[in-house]
Structures are given as structure tokens and as C-alpha cells.
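First chain written, first letter: the chains are A, B and C, and each begins at residue 1.
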């Protein structure tokens, strides 16, 4: 019995050995780049002193987390971070899929090529430069919108950077503009990997384009959609710093609608340079995202086990 | 039936053209602003229709063409090897993870995913890369930290392998006696070209645009990439507006003006805008292959 | 399955812990004074040996510094016979300096001589990143003490220990309004009655009447607030200040004072009349570029001998100026740029010796600030110096004023030859805040500071450039500040200030 079992195990390992070999370089890198520094998380519980170093500084329990949770702003920054991320996930997914499906329908390889390249262009510019470009639209005195559009309709100039109410829309629009190409590419590459045969067969059976999309394209996209959404949920407490700090030009009047956990930490700690407190913030964001993803992944496992992340 | 088909295509084209305009218009502003006279920029802000042209920004930039050339070569010498290396490691990893009955597959997936959520912070990473691996002020510092393996791309690729590559193909190859590496090389990879090209594009872009590695690990200006120069310039401009140590007047001689920022941004973005379409060639190849497959 | 999970986790944990142990050995080695990064050797071996000690210096720069190595060579030629040490000069652009150097110093990388801005210095002190200098100053730094002056040096003391040496420059703050002379003359503006910022309103009215589409003063918003008239001692962070040129020891909440409310109302008035640009709060244009482009009449900045000439040289515009506040010296104005020896230095003794040279030896100072004579600058007939080939110059240190001692270096063209004496006079004759020498230790109130900083960032810029109505917003601002705990900060500050005053009678 023992001999049989160990022989089986040996055969199994021999069978899968090449795969483990394939995975080795990445695993080594992740250990070096991600896992070795991980012990630095202890900084979140320390009052850092260069003399003591990372592992020898005084432990202060949860003191470093207080500034995030006890403050009056805690609710606002958490609410902003979560709501924006939800909007990004939902709108981003819908919009990217829409464009990917459209792309797939474009007749002619050359046009497909051109359109597809263009979708990635916004992704190329750094967010800081994007902030300047947004400023060229929204600047009170010289901005495109005030000068060219509102001016010609006789509407009074809007002081964009002082009025919070427009900004949720502005931020979502800028986010979509900059990032949709990224997701569209991923959805699109799945779509063109789908065997044309399916579509031809469906067309023969009299299915309309919409039906073809609904019953062939979308199901094929499901795994990618689920994967991307799960990954986004994991980062739901994080935000793109450039988007929420640079694009609103760091305008105080807009804090209530543009302050996220990341910007709050940055602004608050700018004077203090306290790495214990900033590590604590990172840990806080990680733990929440982690718990949420575990929950979501568990739910997905129940529905379609293959698509779960792990 | 015919009219709806045509109507549909018109619709598709309208959507696509609208998208192109929305995507490209800000670029137009950026490029136009980089060739606008500085005084006009201050009075009128950035605009796609400059009042007055002026090549001062580019003159200043290319005043020392050697510096720009060197920055470009740094960027390229980091992007190309980095992307290739990353692609190889990522694809291998993703393929291994996609094998259905691989023992401990879930544990390794978790190992991978965990890295997306938790990190020890900048100081510990910095200490490891500089004190153990001594990469400060080397090209390695621009390639290895943070960017070589993105868990995100591994997972995307794994999903693709699982979805788009049917088991039968793999089994057929194995019956022919091929080893796993051969199967991967001869059968799987050609079918995965669309996703490989996509990930290559995105990894390439992240290497091309990255300036954080340079900010942390490089002080030698000979190793500055284009984006590094741009972003240090922007940080200087911002510094002058937030620092109250009286720096404003006294260091203002070298404030990067608005035109210069845009010129720098254009210098960084234009090469990759030109290169991107060439990647499309491989996309089309993948298209044809996919069609023939049936 | 569960078992393997456990195995995997333990392997990972072990990897982390092994790294931790390995690193802590290294970090502790680098953290304690005088031990080297690689080998943990003590001072002793280096001092008597033949090998010159290799020192590392970091400084912020604002231009092309490619020739730093060349200049370092010349410096080393000179200092090696004097102190048996060689130094490498490393420059980081000022915008990235704080972040990049901060990373180095916090990870214990070898730095022997380092520059820093005040905000960072405080943090480094709090995090034990710096070597105390008291003994070193006694042994090797008497020249430094002489140059800086005992009184000014007092400002750098924190609870009896001195960690940083202030740069010798203008150490008092006096605010002035600089303006375009041609525009002023054309509009018939009369500055003779202007004694403080309120008096500018009438002048602006006249100038605006003539130049309706120009703003009266430009500048970038953000946190610079360079329209501020600082006739109060900010006590390092403006959370609790000493009003009226620091003539009493009562710490007050700046944002609840009448003076602050008046300032906000004044700005609002100006904003509505079009004297301040509507984009001020979010703009990134400095006032000098606006002045140069002709879109603004002038700007508010700090006075020092030679400042106006510098603006004229840079913008090409003939400028006039009028002083708005008297010169005031306080702790923050003295220590806003300073030099230090990090705890990771391999040889603090030699580092101090080098700094002594930097502060007292014109040869070293001139090399560091200006470069190599004949390559980077040349002497003019009148005794001043000018840059050789400014566009391609590879040693453009525009932050020369931030080095240890610019007063012993040559004078740049466009400045009077006695500019340094004038600056020393300016410093000496300024008002002195009663809290000069007091340094606030904020470790007890870090959470309140974080919260209050966020509140201040939210409201200050908009209020102080007149973009919002102070009657509505100022009460909100003060209310939020109180909710964020500013009272606690003020109480803590007052307590420390009183204790310091008692000890320093």
C-alpha cells in the first residue's frame, strides 16, 4: 500500500515537474520583490526610529491607525474611495465591453487596427500631464469650456475648481477616458480568440447580431469579467493618487468629493514624514480589500468554480 | 434585413469615430501647446489653437541633444529587455497555473494574489534592493523592482489559457509524445498570440512610462529616462509653488515653464504612439490563425 | 490541502523572518554612530590609517550639475592634505530631493554631510536619524560657531542638543511687494503712503483703472500663499503662533485672530475687484513668470539685499518695491535650510571637519557654490563673477544661498560687492521674536497635526486668495479646526514654550 501510494505520488510529481519548473522564475522574483519586504509591515505598529531600524523600533500597538479612524474625515474619505471604485468597476466594465464588442464588429482589418491603437493612447499619457490637459479645459479664465463653449452660449463662467458638485462626474469621465483602452484590449483579445465558427453557426440559425453578442460573446467574456472585477474589489480601498490629487489641482474646495484615503494620508503626513503611520494606512487598505476579495471569491466559487481567483 | 445591417455598421463607425476624437483631442492640445509661444501660454493657457507659434520649448530641450538622446536610449534599453524578460516569466508562470489538475494549484494562486494586496512599503523594498542586491544607480534598478512580474497580468493570462485553449488540443499534442515545454512552444503559444501581444503592449507601456524606480534608485543623471526627466521637472515646478523657504524668487531662473512641460510630455509620448500600431500587425496574425483553427 | 497551506505559509514566514534578521543585523550596523555600511568598522581604524576617509554628501540642486564629479576632484585635491578625507558630491533636483534623500536616510544608507529643509529636519530629529553635534562642534567646529553667531545657532537647539547647522543667508523675513515700474509710472501709482498690505488697495485701484485686463499680483496657489504677510512667528507649523512680531509668549490660534479675518476680507475684496486672478488657487504659474509675461502688475515675496535685482535680472523688467512688514527673525526663519550629519555617517569627526571647511574656507565654499574658476565661472573687472556659457554650463547651482556659508564666496554679477555685509546687517537689525530658539516637539500631538493639516489644506488657499466668501467660510474653517483638535496642539505648544522660557532666562 505504501509503496503503491508513494509510487503514484512520484509519478504525479514527475508528470507535473515541467510545470513547476516553468513557474519557478516568477516565484523566485515574487519572493524577492514582494515577500521579503513584507516583514516591513511591522512598521505599522512601531514608532520608527532610524537607530532601532525596522525591527528594533518601539512598538506602539494600534496608535498609528488612530489618525485614520478617529478623525471626523474618516467617513468621508472611506465613502469617497468606495463609491468611486464602485462607479469605476461598473461603468468601466460596461463601457469597455461595449467598445470591445464594437471593435469586433468593425469590418476591415485596417480600420480595426487603427481604432484599436487609438483606444490605448489615453493610457499612454501620465496622469500628471493629464491633469494639466484637464486644466486646459476647466481653467476659469483660459479653459476651453469656459471660453469656447459657455462663452458662445452666453452662460457665465463656472469656477470649476471651486465647485464640488461637478467633480464626481468629472473624475469618472477622466478615469474612463484614461483607462478604458486598457480593459478594452483585454476583452477584445478574448473576443477575437473566439472561433468564428460559433458565430457562423448562429447566423445560419437566424440569430440577430444582438443575439449573437448576448449568447456567444458575453459568455466567453464572463471569465475575464469576473477576474477583472474580483481584482478590482481587492483594491477597493486604494485609489489612483494622481487622479484624486493632481487632476483636481489639489484644490481645497473640492476635498469633500475628491479626498480619498490615499490623498488624506499623503496630505496629512506631508509635514510629519512618519512612515509608521503611512505603513499603517497601507495595511488598513490591504486588510479591508483582502477580506472583501476572500468573500467575493468564495461567492464566485459557489457559482462557477473555474472562474474563482483561487 | 440589408438596411439594418448597413445601419448597424454606420452606428459602429459613428461610435468608433467619436471615440477617436475623444481620445485624440487632448493629445492635440498637448502637441499644439508644446509649439506655442510661452507668453501666449501664460495668457491663454493650453489650447489646441495657439495664438502664436514658438519653438522655444523644443529649442531648450534639444539644446543639449546628447542628453535627450541618452535619455531615450536609457528608456529603450530598459523597456525592451524588461518587457521581454517579463513576458517570458509571466507567460511561463501563467501557463503553469492554468493546468487544471496541478497539485497545490490553489495555494500557488493564493501566493500570487496575495502579492497584489499586501506590501511592506517603500523603505523595506528599498533596503532589500540596495543593500542585498546593490542595484542603486544601475540599469538593473530600472528593470527589476516592482515591474518585472505583475500578478494582474499573470491572472489575466491564466484566464485566457483556461478559456481559449481547449483541452483536446493539449491532449492531442501529448499523445504525439511531445514534452510539456514543446507543447507550450509549438501548440499553445501560437494560439495565445493575442493575449501575449496585449500583455506585451501593457508591460512595455508600464516600463516606458515608469519613473518611480528612477526616483528611488537613481541619482546619476546619466541614467535618467525621458519620463524621469519630465517628472523631476514637474516636481521642481510644483516645489516652487509649495515651498515657503523663500526658494521662489531665488531659484526661479530655472522654472520649467508650461511649454517645456508639454514638450517633455510630447517627447515621451510620441515615440510610443508611433510604435504602437506596429504591434497591431501581430494582432492581425492572431486573427487569421484563430479563423483557420476551426 | 490544509496541511500544505500551513507548510507554504510557514515557508513564507520563515523567508520574511530570515530577511528580517539579516537586515536588522545590517541596519543596526549602519545605524549606530560611526559604523560603516559594508563592514561595520569603527572610527578608530580610519582616523590613523593612510587611506583617506571617503565621505558622501547630498545636496539639492536646481540646474544642470553634470560636472559635480569634476568639482569634487578639485575639492578633494584641496581638502585631502587638510583633513585626510575625500568627499563625493551628489546632487538631486530640489523637487525630488526631500523624497529621495528621505528614503536613503531612513534606510540607513551612508551619508556623511547632508542638506535639508526645515520640515524634514524636524522629522529626522524625531526619528533619531541625525548625529548630535554638540561635542563635534566643540572639537572641530569653532569656526562654524563663529560664522553663524551664537545667537543664531541657538535657534537650532532642540532640548539642549543641536542636530543641524543653519545656512548663512538672510535669516529674517520681511515681506515686500515688487512691481513693474513702467506700469506703475504709466498709471500714476503712488507708493509713498504704503506702509502695510491694506494700503495697497488704493494703489491697485489706480493701476487697475489703467490696465483693466491685468491682475495686480500673480503667483501660484497651492500652499505657497506667497501673498502672505508674515508679521507673526509661525512656531514652525502655523498651528498656534505668536502674533505681532512675536513680542509676547502667548500662543494664539492664527485663524481665529482679527488680523487673519481682516486679511481674508482684504483678499476677498481684491478678488472681487479683479486684482487677484480667478485661477490663483489652482494655478502653477509663479509670479515672476507672470511679471515677465506682462499679465500681472507684481507679486509679494520676501525681501533681502539683492532680491529685487535678482528679479530684474531674471525677468528683464524694471522693478520697484515697497516693504510691507518689518524684518522679523524667528526660529523657522533661521533654520529653514540647514546642514547635518546623519546617523549613518561612517566618520562624524571627519564630516564635521569638512563642514568646518565649508563654513570657513573660501576655497572650498567657492568650489561648492560656484564651480571651478575658468570652467564654470570667470571673474569680471568689477570683482563680481559671471557664469561661463550659461546655456551649457554643467554646474548650475542656483541654490548656492542654501549652502553653509555663502558670505565667504565671490559675488555674482548684478549684485553690489558688499551684499554680504548688507545681509548680515539685515539679519542683525531685524526684530527678534521672543521665541527665538524654541523648537516645538510635535510627537505628542501627531494625530491632531495630521487632522489639522488636512483641514488647513482644505480651506486656507481658497480663503487666502479671496476665491470664497470669508463670512461664510471662515467660521466653517475655525469650527473644523477645533473639531480636529487644534486647541490640544496650542496647549501643548504653550506648555513647551513656557518651560523653555523658564529654562532660558
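In this text, a contact is a pair of C-beta atoms (placed from the backbone, for glycine too) under 8 Å apart; a residue touches a chain by one contact, two chains touch by 3 or more.
Here the structure is a predicted model, which is why all the values come from computation and not from measurement.
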item	value
Touch-based graph of the chains, sorted into line, ring, star, complete or other	complete
Leading chain pair when contacts are tallied as C-beta pairs	A-B
Separation of subunit B from subunit C, taking each centre as the mean of its C-alpha atoms, in whole Å	36
Interchain centroid distance [CA atoms averaged], subunit A/subunit B, Å	15
Interface hub residues of subunit A, defined as touching at least two other chains	35-39, 54, 135, 139, 141-142, 275
In subunit C, residues with contacts to at least two other chains	12, 19, 23, 27, 106, 108, 222, 284
Subunit B, residues touching no fewer than two other chains	43, 106, 111, 122-124, 127-128, 234, 258
Subunit C-touching residues of subunit A, taken from the complex the two chains share	31, 35-39, 48-56, 66-67, 70-73, 135, 139-142, 157, 159, 161-162, 249-253, 255, 259, 264, 267-275, 277
Residues of subunit B defined as touching subunit A within the complex	8-9, 12-13, 15-16, 19-20, 22-24, 26-27, 29-30, 33, 43-48, 88-90, 92-93, 95-97, 99, 102-103, 106, 108-113, 115-125, 127-128, 133, 144-146, 148-149, 151-152, 154-156, 159-160, 162-164, 179-181, 184, 191, 194-195, 197-198, 201-202, 205, 209, 227, 230-231, 234, 258, 261-262, 265, 268-269, 272-273, 276-277, 280, 283-284, 286-287, 290-291, 293-294
Touching residues (chain side subunit B, partner subunit C) in the complex	38-39, 42-43, 63-64, 104, 106-107, 111, 122-124, 126-128, 130-132, 215-216, 219, 221, 232-255, 257-258
Residue ranges of subunit C in contact with subunit A within the complex	12, 15-17, 19-21, 23-24, 27-28, 31-32, 102, 105-106, 108, 119-120, 123-124, 127-129, 222, 237, 277-279, 281-282, 284, 343-344, 442, 446-447, 449-451, 453-454, 457-462, 467-468, 480, 483-484
Footprint of subunit B on subunit C - complex, ascending	1, 4-5, 8, 12, 19, 22-23, 26-27, 37, 62-63, 65-66, 90-96, 99-100, 103, 106-109, 117-118, 170, 173, 220-226, 284-290, 293-295, 301-302, 304, 307, 310-311, 314, 336-337, 391-392, 396, 398-399, 401
